[in-house]
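Okay, so subunit A shows up in both of these, paired with subunit B first and subunit C after.
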Partner chain A sequence: MKPPILTIIMLTVISGTMIVMTTSHWLMVWIGFEMNLLAIIPILMKKYNPRAMEAATKYFLTQATASMLLMMGIIINLLHSGQWTVSKDLNPMASIMMTTALAVKLGLAPFHFWVPEVTQGISLSSGLILLTWQKIAPLSILYQISPTINPNLLLAMAIMSVMIGGWGGLNQTQLRKIMAYSSIAHMGWMTAIMMYSPTMMILNLTIYIIMTLTTFMLLMYNSTTTTLSLSQTWNKTPLITSLILLLMMSLGGLPPLSGFIPKWMIIQELTKNEMIMMPTLLAMTALLNLYFYMRLTYTTALTMFPSNNCMKMKWRFKCTKKMIFLPPLIVMSTMLLPLTPMLSVLD
Partner chain B sequence: MMTYIVFILSTIFVVSFVSFSSKPSPIYGGLGLIVAGGVGCGIVLNFGGSFLGLMVFLIYLGGMLVVFGYTTAMATEPYPEAWTSNKAVLGAFITGVLAELLTACYILKEDEVEVVFKFNGAGDWVIYDTGDSGFFSEEAMGIAALYSYGTWLVVVTGWSLLIGVLVIMEVTRGN
Partner chain C sequence: MALVHKFLSSAYIFRKCLKPSVSSCPFLGNRFADYCSSSLQKPVAAPGKTSSQRNTEGDLQGHHQREVALDITSPEEKPEVSFDKAIKDEIKNHCRRLKDDIVNYCIGPEGRPLHEVLLEQAKVVWQFRGKEDLDKWMVTSDKTIGGRSEVFLKMGKNNQSALLYGTLSSEAPKDGESGHSGYCAMISRIPRGPFERKRSYDWSQFNTLYLRVRGDGRPWMVNIRQDTDIIQRKDQMYSYFMFTRGGPYWQEVKIPFSKFFFSNQGRIRDAQYQLLLDKISSVGFTLADKVDGPFFLEIDFIGVFADPAHTEEFAYENSPELNPRLFK
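What follows is the complex of A and B.
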């Protein structure tokens, strides 16, 4: 894509999300979502193969349906309250429709089916934007309407998402699909805490975005999309091998890495609100996630995966990609745990 | 009949939406869109918005749908699917029309129904002269407001239209 067009399109993607986040008029929320959707389609179709076209079409159809549901919710809210202001007093029917629409946009179960298929069909950099930036806008609207969301609906979707994110990712060897199921599970954790403490949702979103950004950048450095080619990184760039180890453990939520912060805080907030079974269930199904991250570290960093003899010559080819943001991102995604007491500034 | 004209037009609106949602070939879908556009214009006219209703005819039907019709004519197949040539399309059409008929009869029979909001039979579709807008046409005031209070909206919509063109160029370039 030519640079001026790419600049304009990226500008529209960013301004679409900014409009959704900062506006106080429900119509502008819908317009922001549509701008975002329209502009990200050519980014998803960067490579002109049928698989990318199919992925972009699926993304467009699901997100357009979700926007229509959101519009229906907005109109029902208008009918009952007589005004267009984004406020937290929503009609219950409008709230349910909006929550469902935003769940489709996020890829929460049972509307998660598009996430692995779309993520697999597009390039790694497009998948990065899809799984990180595109989550910000729906979550900001859920943040704003969080006092009126039906708890049964949201918690059911959250638990289902964590379970499906865990079990769905178990049989995958394609890294983009693994990241897609990881995204589904993390969205489940975020929406689980939304009812009780939306601040923790923002914390989880921030740390999730940092970790996913780092993972995708490490994968883009070697252009690896399968477990098999990831297992050859000890030969190409041995530093990335140890970084993948740390990062996968952080994504799985193991202390003392940063990925543990959101899980700890969420379980703490949930138990403060006297819910015992739910955090237990969430923590146990998060172990499924940890299993497939561990499988990646096992093949990458802990063992020499089977390959043929000429693979050991790969170190002769130097990688020329410049990833200047990678070191600070790696530090942020693994070493933030001692800074957790800084959360008290939010009080 | 004239008092319930909005109700009748709304029913025809829904039936024409069903006619193209049952996925016949695009040429026949365009026919459904034409009917929907014309009837929708009638609904807008009944609420006093004469300018916007005629805009629908001019820009939507006379501009966009004509372009759609020409492109569909260029890309058409030798035996396009109509509503009666394919059992799936016919089944979807009949299901939609049946659902609409049942809803319409339910609304007309009962005194007060609540689907998403309460309304009292067919009487709620009759246009009364509620709201004291005085001597100003609300529709003209709305269009004027678009260019005074709604400047940001015009900027965003204009930008989105430009992006729409660029995106379509980008998507159909394909090399």
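What follows is the complex of A and C.
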């Protein structure tokens, strides 16, 4: 894509999300979502092939449906309250419709079916934007309407998302699908804590975005999309292979890595609100996620998969890809746990 | 769907017997063609049936055997007619398949441990050792559009191969709109899970298609289709040629997936795309060389393997003049 066109499209994506986050008028929220949707379509089809077109079509159809539901909720709220302001007082029916619409946009279960299909069909760079930047706008609206969301609905979606994210990623060998199911599970964790502590949801989102960005950048660095090709990275970039080990364990939420922070905080917050079964269930289903992350680590860094003699020693050659943000992202993805006491400023 | 079927047939033939052909229904007329004709036209030399003729192997090239339509049942066997029982059996069958699916999911991808799947370098996807292997394929020809070609599929000698044979006729159907005709094809059925859920093959760790065939010297085309949910993409496929030698010796054909070219609605497109191997839906063989006469193709097995010496990713490049939007 030509740089000027790419710049305009990216600016539209960014401004769409910014409009959603900063506006207090429901119509502008909807407009922001639509701008974001229409601008992300050419980014999803950056690598022009029939699969990418199918993925972009599926994404457009699901997101357009969600926008339609959102608009329906906005109109119902307008009929009952007589005003367009984004406020915490929502009509219950409008709240349910908006929650459902935002769940479709986020890929929360049971509206998660599009996430692995779309992520698998697009390139790694487009998948990076889809699984990180595109989550910000819907979560910001959920944050704003969190006091009026039906708690049963949200908790049910959270539990389903965490379970489906864990079970669904178990038998995947395609890395993009693994990241898609990881995204579904993380969205489940975020929605679980949203009603009790929206600040923890923001923390989880931030750390999730950092870790996902790092993972995608590592995969782009190695140009790998399958578990088998990732298992051969010891030959290409031995240092990156060891970093993938740390990153996968961080994604799985193992201490003392950064990924443990949101899980710890969320479980602590839920138990403070006298919920025992919910954090137990979340922690146990997180083990499923950890299992497939560890399986990736096993094939990549802990074992040397058989290769044939004609494979060249690629580590001798310098990689020409420039990933200037990779080192700080790796540090942030793995070494933020000691900064946890600073979270007290959020209180 | 079940109610429509009941309305059409007025009596559901038990699963072990054959379903009546939809194309013979007067209400639907010519709308439904016998695409899934293989299971209806396969020759069955059942010894108990007086209405069937014994098939003789004989000369593969010239001897056309009379095939028996399988919807003619012997007078000794009366099919059990029970719609409700058949529906219950169908549901039980699908529930059993769902249970097997869940158990296989717990084992690993494709029902096997992950390390087996990752370390696999060669895999036989289809082989022909029994009648049940033929059920995974369907044959079609230009008869569906009014042509005169005929194609049949049966087990070969000693049940060690499948024999695809028939007669190609390039005489165009006299319907006032078809100018060309003359094709025969054998297409694998889309793999289905419980409750007829569509599945696909993941061949992303392999890079070459391997076929053990014995032909009659005719050029065939190997077609691969990807799994898709969008209707327009059902006409898209990736093809490559397979030239058979003829003669008594088996031929091992290796076609790298990078060589497959893209076509849509039967036309090779200027814009070429790489065949992505993570969602393969079906493989097919087509004969359309405009040479009238009999043909045969014997297939032992079809497999995929990872050729470490083959490093090409895609054999074709796109031209900025023909497809400027690919270079924007």
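Note that in this section the second predicted complex is superposed on the first by the 344 of 347 C-alpha atoms of A that agree within 3 Å, B and C clash if a C-alpha of one lies under 4 Å from a C-alpha of the other, contacts with A are read in each partner's own complex, and residues count from 1 in each chain.
Operating definition for what follows: a residue touches a chain if its C-beta (ideal position, glycine included) is under 8 Å from a C-beta of that chain, and two chains touch if they have at least 3 such contacts.
Just so it is clear, the structure is predicted and the values come from calculations on it, not from any experiment.
J.: Which partner does A:136 contact after superposing on A: first (subunit B), second (subunit C), both, neither?
T.: It touches nothing on subunit B or subunit C.
J.: Which partner chains sit in contact with A:335 here, subunit B, subunit C, both or neither? Use first/second/both/neither.
T.: So A:335 meets neither subunit B nor subunit C here.
J.: Between subunit B and subunit C, whom does A:283 touch in the aligned arrangement: first, second, both, or neither?
T.: Touch partners of A:283: none, neither subunit B nor subunit C.
J.: Regarding the shared-chain residue A:153, is it in contact with subunit B (first), subunit C (second), both, or neither?
T.: Touch status of A:153: no partner.
J.: A:18 in the overlay: touching subunit B, subunit C, both, or neither? Say first, second, both or neither.
T.: neither
J.: Which holds for A:1: it touches subunit B only (first), subunit C only (second), both, or neither?
T.: A:1 contacts both subunit B and subunit C.
J.: As a test of reading the superposition: which chain, subunit B or subunit C, is in touch with more residues of subunit A?
T.: Of subunit B and subunit C, the partner in contact with more residues of subunit A is C.
J.: Given the touch rule stated above, what does A:76 touch, subunit B (first), subunit C (second), both, or neither?
T.: first
J.: Which partner does A:172 reach: the first (subunit B), the second (subunit C), both, or neither?
T.: second
J.: Report for A:228: first if it touches subunit B alone, second if subunit C alone, otherwise both or neither.
T.: After superposition on chain A, A:228 lies in contact with subunit C alone.
J.: Can you list the residues of subunit A that meet both subunit B and subunit C?
T.: Dual-contact residues (subunit A): 1, 5, 48.
J.: Taking the complex as given, what residues does subunit A use to touch subunit C?
T.: Answer in residue numbers: 1-2, 5, 48-51, 54, 57-58, 117, 120, 170-174, 225-228, 231, 295, 299, 305-306, 308, 310-311.
J.: Note which residues of subunit B are touching subunit A in the complex, please.
T.: Its residues touching subunit A are 116-117, 153, 156-157, 159-160, 163-164, 166-167, 170-171, 174-175.
J.: Looking at the complex, which residues from subunit C come into contact with subunit A?
T.: Contacts found on subunit C: 105, 108-109, 114, 117-119, 202, 204-205, 226, 228-230, 233, 236, 262, 271, 273-274, 276, 278-279, 308-309, 325-326, 328.
J.: Okay, in this complex, where on subunit A does subunit B touch?
T.: The touching residues are 1, 5, 8-9, 12, 15, 19, 27-28, 31, 34-35, 38-39, 41-42, 45, 48, 56, 76, 79-80, 93.
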